[in-house]
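Let me give you the structure first, and then I'll get to my questions.
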Amino acid sequence: MLTFLRRRTLTSLPPLLAVVLGVFVLARLTGDPAALYLPENATAQAREQFSAAHGFDQPIWSQLIDYLAQVARLDFGTSLRTGEPAAVMALRAFPATLQLAVVTMLLACAVATAVGCWAALRPNGLADRVSSLMSVTAASVPDFWLAILGIWVFSIMLGVLPTSGVDAGGLSWVLPIAVLMLRPAGVLTQVVRGAMIAALGSPYVKVARSKGAGEGRVVARHALKNAAPPALTVAGDLAVGLINGAVVVESIFGWPGIGKLMIDSILQRDFAVLQAAVAVTAISIFVLNIAIDLGYALLDSRVRQKVGAAA
Amino acid sequence: MTDSPLLEVQGLSKSFHVPKGPNGNDRLRALDGVDLTLRKGETLGLVGESGCGKSTLARTLMLLERPDQGTVRFGGVDPFALRKSELLRWRRRVQMVFQDPYASLNPRLTTAQIIAEPWHTHRDLFRTSRERAARVRELLDLVGLRPGDADRYPQEFSGGQRQRIGIARALALGAEVVICDEPVSALDLSVQAQVLNLLNELQRALSVSYLFISHDLSVVRHVADRVAVMYLGRIVETGATKEIFENPRHPYTKALLSAAPSLRRADRENKQKILLKGELPSPLDPPSGCRFRTRCWQATDLCAETPPTSADPVSPGHTAECHHPLDARVSAAR
Amino acid sequence: ATGCSVANSNPGTAATGGGTPLRVVLPQEPPTLEPCEASLTATGVVVRSNITEPLLERNPTSGALEPKLATEWTQTQPTLWTFKLRTGVKFSDGSDFTSEDAVAAIERSANNTALACNVQGYVFGDSGKLTLAAPDASTVTVQTEEPDPLLPLRVSFVEMTKSDISTTEKVREPIGTGPYKIETWTAGQKLTLTSWDGYWGSKPAYPKAEYQWREEGTVRAAMVVNGEADLATNLGADDGAGDTGVQFPNNETTALRFTTDQAPLNDIRVRQAIDMSIDRDGIITSLFGGIGRPASQLIGPGVVGYNESLTPTAYDLAAAKKLVDQARADGVKVDTPFRIIGRTAQFPKIAESIELIQSALTQIGLTAKIEMLDTSAQIKYQLQPFPEDAGPVALMIMHGNQAGDAAFTVGQYFATDGAQSSSGTPQLDKQIKAAGAQTGDARQQAFADVFASENTDIRGFAFLANMGAVLGLAKNVSYTPDAATGDELRLADVKPKS
Amino acid sequence: MTTIGMEVSELTVELTTPRGQVRAVDGVSFTAYRGRTLALLGESGCGKSMTAQAVAGLLEPIASVTAGSIQVDGEDLLKVSRKRRRQLAGPALSIVFQDALAALNPVLKVGTQLAEPYRIHQRMPAKQARAKAIELMRHVGIPEPESRVDAYPHQFSGGMRQRLLIAMAVALSPKVLIADEPTTALDVTVQAQILALLARLRAEHDMAVVLITHDLAVVAEEADSVAVMYAGRIVETGPVDEVFEDPRHPYTRGLLDSVPVSAERGADLSSIPGAPPDLFSIPPGCPYQARCPLVRDVCRAERPPLKTRAGRTVACHVADGTAR
Amino acid sequence: MTLLENPPEASAPDKPVKAHWFRLLLADPAAFVSALILLLVAFVAVFGTRLAGASATKGDLSLSRLAPFSLDHGWQYVLGGDLLGRSLLGRLMVATQTTMSVVVPVVLISLVIGASAGMWAGYHRGWRETVAMRIADVILSFPSLLMAVVVLYIFSPSIASIIAILAITRIPVYLRTARAESAELQTRLFVDAARTFGTPSGAIIRRHIFPIVLPTLLTVATVDFCYVMLAESSLSFLGIGVQPPDVSWGLMVAQGRDQLRTQWWLSVLPGLAIVITTVSANLLASWVRIATDPGQRWRLTAPRRRRRAARPTVLETT
C-alpha cells in the first residue's frame, strides 16, 4: 500500500513537472505583461524597468531556472495584479472549486446510479429509452446557457433561488451544482446503465438469485459493486474536468474558484498566479487519480492485490 | 516415421514476472528445464494438469515467448537466432492450432480471410488473388468445409467447424509441424471424434508431425505415438503411448490415469482410485526437491532434498523423473 | 419581471438605513485598493471618495473644481501652486491628516517611477517632475517645471494617503480619510466597508456597504431585480434590468482609429468613406438599445474643448462607394485587405457593431477582416510602438476622458508622439501644444479647433458613439448617476428612498 | 425405498429470439430420487442448462416456461408465487454452476457469499452467519477455513472455487441439488475430488442430485440413472449400467462409440456425422433423423414419443419396434 | 448465456446473411431518423451558405430582433432575425458549415492521432505504454484554456487554431480508449495466431486490432462530437472561439445569451441545433456499433417486438 503510494507519487512527478513547465513556457509565449500593467503612456524606459524587475527580460530558460529554484523553496512568486503571494491566492480559490466539484460529482453519481440502475433493470423498456434520451440530451446542453436560463427561471420568475454568489447558504449551491451536474450525470448514467446491464446478466447474479436473494439485494449487494469500476473511471475524468474547467459556471455565478482565477490570470498575464493555480490543480488531479486507483482497490480485491504487490 | 528428431528442445525454461505472491516471489517458473524431441511424421502427446505449462511450451515453440534458458532446434536450426526472411521461411514450417476455436478466430473476418491471412505476410506464396481463392477452396475441402462457407463469419459456425477453420489456417503455409494446443477440449464428444479423425487423415495425407497437447488422457492415448507427461513446468515421464498407459512408472502418471473416469465397467472395477491430496502447487512457490512430493504417497525425505533426474531411462525409450519409480511389473499387472 | 418575492437569506427589505448595508455589484473585483491606481476603473470605483479622498474634486456635471481636503488653491507663481488644507481631518486609524501626508501622497503618485502608479501615467504623464513642499501643517506647495494651468485638475486625481505608506510597493488595503473604511475583504467574494465615525464631513446614509462582483451583465441586472443588490454598474441595454435600470451618459466615446500610413487606409477618402458607412443610428437603436448618441468627436459634451459645431457623419453608402471608387481611380490600393481589431467585451455588442461595419465596408468595395482579441493582445495595437508587421488596422477604441479637459484626449490620440496615436501632423502637434497653454474660453476654443482640424485634415478616426450605460438601481434606493459613476461611485450620494 | 426428491414433467421452455419463437426444451420429464444421482447427459446446446435454469427459476427474460410442472416437496415450483419461490430457493432446491469463477461474485469476500443463504432465509446475525460459513468451508474440505473466510474468490484455485459453490448450494440442506457441469473446467485429479465430495454430501444430506454433464465417463462412474438429451428432448432414460451396456437409441450408441476408449492409434474413431440441428430448423419427426444411420421414413414424418418398453424408456421408432 | 455472444448458431447453412445497410438502418427507426437529421446537417453544411442567400450575411436593421414563426418577411425569416436583422435560419445554415468544419476535423484529427498512438502503445505495452499514458495525463491535467489563449495569441485567432487546440485536448480520450482495448486485444488468441505467421505488428494492428477497436472509438467520437461543440461554444463565451463574421452554433448561443430573456430564439434555436445533432449522432453511433459487429448485426434484423428481450449493447462513454 505504502509502496504503491510511493511509486504512484514518483511516476506522477514527471508529468506534474511537465505540466508546470509547459504552463511556464506557454504563458510566456503570450507576450510581455508590461503593456497591461503600465499606464498607457509609460515610457519605454519604464517598461524596461518593469520587465527587468519581474525578470521578463531574461531568456526564458534562465527565468525557468530561477522559477524552479523559487518553487523548490515553495515560493510561487507574487501576483502582478494584486501583489499578493500567488500561492495564497491559488490556495484560497481552490477549496471553493473543490467543494463545488465534490458535491457535484457526488450528486451526479447518485443520480446516475439511481437512473442507470432503474434503466438497466428493464433494458430497452420505456423507462430505459426515456432515460437514455434524457441523459444524452443532458450531456449536450451548453452550460453557460443553462446557467443564465436557470437564473432567469428560478431566481427571477419563480424567485426561489438566489441568482449567484456564495453567501446565501445552501441555496446558493443549488443553481451552480444543477448546471454543473447535468453533463456528468448524463454521461455517468449511460455508463452505469451499461455496466449494470452487464453485471445483472452475469452468473454471480444468477447464483445470488438462486440463493433466494430479492431484487433489492441483487442490485445493491451484488451488481452495483461490480458495475462501479467503469463508472469510477469516467467519474474521475469528469471530476478532472470540473476541477480544471468550471470556469464558465464560476464566472457566471461569481463563485470564487480556481477556474475563474486561472482564466483571469491568463487574460491578465499574471503568470505567477497562473502557475500557482495550475500547480494546485495539477497536484489535485494527480491526487484524484491516485484516489481513483485506491478506489478500484477498495472495490475490487483483484486490483487490491496488484496494488498491494506493486513495488 | 524416421528416427531423426525434427524438433529438439533442451533445458527450456521460461518464467513470467508476476505480482508478488505470498512468499514474496515474483518470478513464476512456467517451464523449468523441459526436454523434448519430436520426430518427423510422429505425434507426440503432451498431457498435464491445467497450469503445468503446456501452453507456455507451445507458445515458446511458436516464438510467442522468449525462453530464459535452453535451446530449441528445428531441423538443426535455432529459430530464435533467425533474422527476418529466414524467420519467415521458418514460420511456414511450424504452425499452431489453438485450444479455443471461438477466441482464436477474429470475429470480424470471414472464413476465407482468416485462412488467407498468413499469405498477407508470406506474399510470395500465392501471387494472384485467383490463386489464393483456389487454395482457400482446396483447404476448405481438405478440412471438410463447403466452398460456400468461405464468406461466412466464424460466429456462424459450430465449434467443430470453427476448429476446422483453425486447422485450415494452420495448414495454409504448408507446415511440417503442427502444434495442437488442446484442439478438441472445447468440442463436443461427437464433434471431437470428427476433428480427431480429420487430424489423423491430414497426418496420413501430408505426413505432418503433431505436438498434441491435451489434458484428456483418452484422447492422447488415441492420437499419440509417444506421450510426455508434464507436471509443474517439467516433463516427468516420457515414453511410447502404450508403455505410459499400461506401465506408468511415475506416481503422478499413475495417479492421473487412475483419476480419469472410465466408461468401461471392467476398468472401473479393476482400478483402485488414487485420490491425490490437494492440488497443483503454485509455480510461484514450487516444492523443493521433487515437485510432486507434496502430493505423492511415496514421498521420502530424499524427495524433499534432491530433485530427481531422468538421466537413466527406466526402460528403452521410457524415462521417468522419480527417485522411487513404480515397479514395472506390479503396474503391468493392473 | 419585477416585484417578485425573493428567496434570499437577507430579503430585499434592505436599505432602509437602519443598519442594513448598501449592496453594490460590480463587473470585476478590484485587484487591490491601492489609491494611486484609482484611475483603474475596478479600483477607483471603490476607493475614490469612499475610502480615500483627493484634495479637490471635479464636479462631473458642471466641470468645476470643488474643495475636498483642500479648502483653497491658488497659482501663487506661474509655476507654483499653493493648496490650503482643511483642518480637523482624520484618517480612519485616528491620526491627523497633515500637509506632510499630502506631500507624500502626491510625491508617491506623481513622481515615483518605481511604483509606476496608474495615475502617474494617465494624469501626470506629460507634465514634468513636481517639486513639493509643506511650509506648514496645513499648506502644500507644488512647483512645476513649466507653468501648468491644469495642475489642480491633475491633483484632483491624487487620493490622499498617510505619509508612512509604502513607497516601494502598492498597498492592498489603504487607510484614508473618506467616509468609509475597509471592514473585511474576503477575496473573491465580498468587500465590506463601514462608515468611519471620525469622518470630517456629514455621515453617509448607509453605515455599511458591501461590494460583490459578477462578470455577466445579465447576472448583475438579475441581482438588482431579484433584490440581492441595490446597485449594479455597467449594465447593457439587453441585460434585463427592466424598470430598475437607469440610463445615463457616461464619458466614454467609441471610435475606429486608423493607421494612416498604409494602404488602403493611407488615403483620406478611404477613411472618410469608412466613416460614412457607419450606421450610427442603426447601431445605437438596434444594438445599444437606444443608449448613447452618435459621436462627432472623441469626447462628449461637458468636456472642455468639445466642439458643438461638429456633427456626426451621415450614413451614406452611395457617397462612400463613390469616394472609394475615386480613390481606386487615383491608384490607391483600395483592395488591400485591412483588419478591424476589437477588444472582446470592451462594451456591450462590440462584436456585432464591428460586424455591421464590416459588412457595410464590403458593400462599398473594401476588404476588412475582423479580429477580436483579448486585452493583452489588443493593447499591442492600441499603444505605441505598434507591432512592426501589423499592417493596416482600424482599431476599435473606447476613450473616456475622466478629467473633463480635452488636453487629456488630444495629447494621447492626436499628437504624433501620443501614446495611443496612429496619425497626426507636426502642424496639429503645434496647435495642440498651443491649446494646452490656454486657459478659460480661449482654451475651449483652441481645443475645439483642434478637433475640427483633425476632422477635416486628417480623419484618423471614425467616431461611433458617445456611449451611455445603464445603472441597476433598486427601488428603495435613490441615486442619480452622472458621467463619472462608472469610475467613481460615491456611496455617500446614495440614499435610501423614503 | 427411495423417496422422490423432484419430479419434472413435460417441461417446455420457449425462447423468444430475433428469428422467432423456438423450443429449447421440449417436453422434458424426469424424476430425481433422494440420495440418488440422476445424470442429464447431452451435447452442448441440447438444452441441459436451460432445463436446469428453468427448474431453478433463473431463466433469462428471453426464455420462458410454457408448459409442464416441477414438483418439489408437494409444491409445483411453476405455480407458487414469486415470494414463495424465493423462499424455496435454497432450502428446497439449489444449483451449482459450471464456471465457478464467474459464479462467485469477484468483489465480495467468500465468507460473505457463503453466509448469504443464512442471512436471507434465516435472518441470522452477521457474526453467527460467518461462523456457519466457516463451518461450511470446513464441511467441503477447504483447509484453514478460519483464515480463508475473508479471502476473495480469485484467491482460490479452480477446485476450491467449485467447492465453495457447492458449499453455498448445500448450506440449507436442500432436497434437490442441481449440478450443472460442476467439473467440466477442472483437471481430472481435481474432478475426482469434487465428484467424491458431491457423493459424500449427497449421502449426508440425503439430497436428490441432478448431475448435468456431457462426459459419459463421469456419468458412468457417478450416476445411478441417466437421461440422454438431444435437441431439447429426452431421447433415452434408464439406469446407467443398462443404458451404457445396451444403448437403445442410436444417438446414445453413437455417443458411446465416439469415445476414444482404447481405439488403436491411427484408427479412425466412429463418429456421428454432422452436427446437432439448429433449434430453428429442427425437422418434423425425429430430431436425430439427419444423423441417424437407421433412419426410416416414419422418422421423418412422426416424432417418436418417449416410450417405456421392457423396463427401458426410449424415444425412437426403430428401437421401440414401431419401425423395422 | 452463450447465445448472446454467439447468436443463433446460425447454421441456417445456405443463406449467409447478407446485411444490406439500408435495410439494417430501416430496422431501427430512431437510428433512421437520426441518419436523416445528420444527412440534413451534412447537406446544409455543404450547401447551406448558398441556400441561405444574402439575408444570412447582409442585415437589415429594420428587421433586427424579429420574432420567429411568421412568414411575413419571407421564408428566410421564419425563425426570426438576429440583432443585425439577418435571418436566423440563414445564420443557422451558415453556422452549420463553420460548426462542422470545426467539429469534424477536431474529432477526426484527435481520433486518428489518439487512436493510432493508443493502439500502438497498447499493442506493444512496456515503456511505450507508460510514455503514452503519461503524455495523456499531462494533456488532461493541463488547463486547455491556457492552450487556447496561447495558440490564439501566437497565431491569429482562426478556425485552424481552434481546431488545433481542441484536437490536442481531445487526443487523450481516444488514446486511453484505444490503448485499453488494444492492450486487451493483444492478448487474444487470434492476435497470437497472427503472430505465429510472422505478421508484423503494424499489420496486426491494422487488421486485427483496429477493426475491433473502431466501433468503441466511434462511440467515443460521437460523445466527443458533442463535447467539442460545447467546448467551442465555451470558447465563444470567453470570446476566444470562432470570430465574427464567421458564425458557429456555439457562437450564436454565446452571443444570444444576453437576449435570453427578451429574444429567446437567438440562443435557444442554435442550442437546439447542438442538442438535436448530438443526440442524433449518439443514436446513430449505437446503431453503427451494432451494425458493424457481425456478432450483433442480427439484432437489427429481428422483429421489433422481440428486440426488447435481447440484451442491449453496453454504451461506453467517456
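Miscellaneous remarks
Here the chain labels run A, B, C, D and E in written order, and each chain numbers its own residues starting at 1.
The criterion applied here is as follows: contacts are C-beta pairs under 8 Å (C-beta built on N, C-alpha and C of every residue); 3 or more make two chains touch, one makes a residue touch a chain.
Not measured: the values here are computed from a predicted model.
The chain pair with more C-beta contacts between its two chains, of A-E and B-D, is A-E.
When you average the Cα atoms of each chain and compare centres, the chain farthest from chain D turns out to be C. Here the spacing of chain A and chain D, counted between their Cα centres, is 52 Å. Chain centres here are Cα averages; for chain A and chain C they lie 39 Å apart.
If you average the CA atoms of chain C and of chain D, the two centres end up 89 Å from each other. Centroids built from CA atoms put chain E at 49 Å from chain D. Each of the following residues of chain A touches two or more other chains: 30-31, 148, 152, 156, 201, 267, 305.
Among all residues of chain B, those that touch two or more other chains are 158. Those residues of chain E in touch with two or more other chains are numbered 1, 7, 9-11, 149, 153, 238, 257, 260-261, 307, 309-310.
Listed in rising order, the residues of chain E touching chain B in the complex are 6-7, 9-11, 13-14, 16-17, 188-190, 192-200, 203, 207-208, 211-212, 293-295. For chain B in complex with chain E, the residues that touch the partner chain are 59, 62-64, 87-88, 91, 95-96, 98-100, 102-109, 117-118, 120-122, 148, 151-153, 155-158, 166, 169, 173. Across the complex, chain D meets chain A through its residues 53, 56-58, 60, 86-90, 94-95, 97, 99, 102-109, 116-117, 120-121, 152, 154-155, 165, 168-169. Residues of chain C touching chain A in their complex: 1, 4-9, 31-32, 113-114, 116-118, 120-122, 125-126, 169-170, 172, 187-190, 212-216, 218-219, 222-223, 225-226, 228, 240, 374-377, 379-380, 382-383, 412, 418-420.
Chain A contributes residues 30-31, 33, 35-42, 46, 49-50, 79, 81-84, 89, 92-93, 96, 148, 151-152, 155-169, 171, 251-254, 256, 261, 267-269 to its touches with chain C in the complex.
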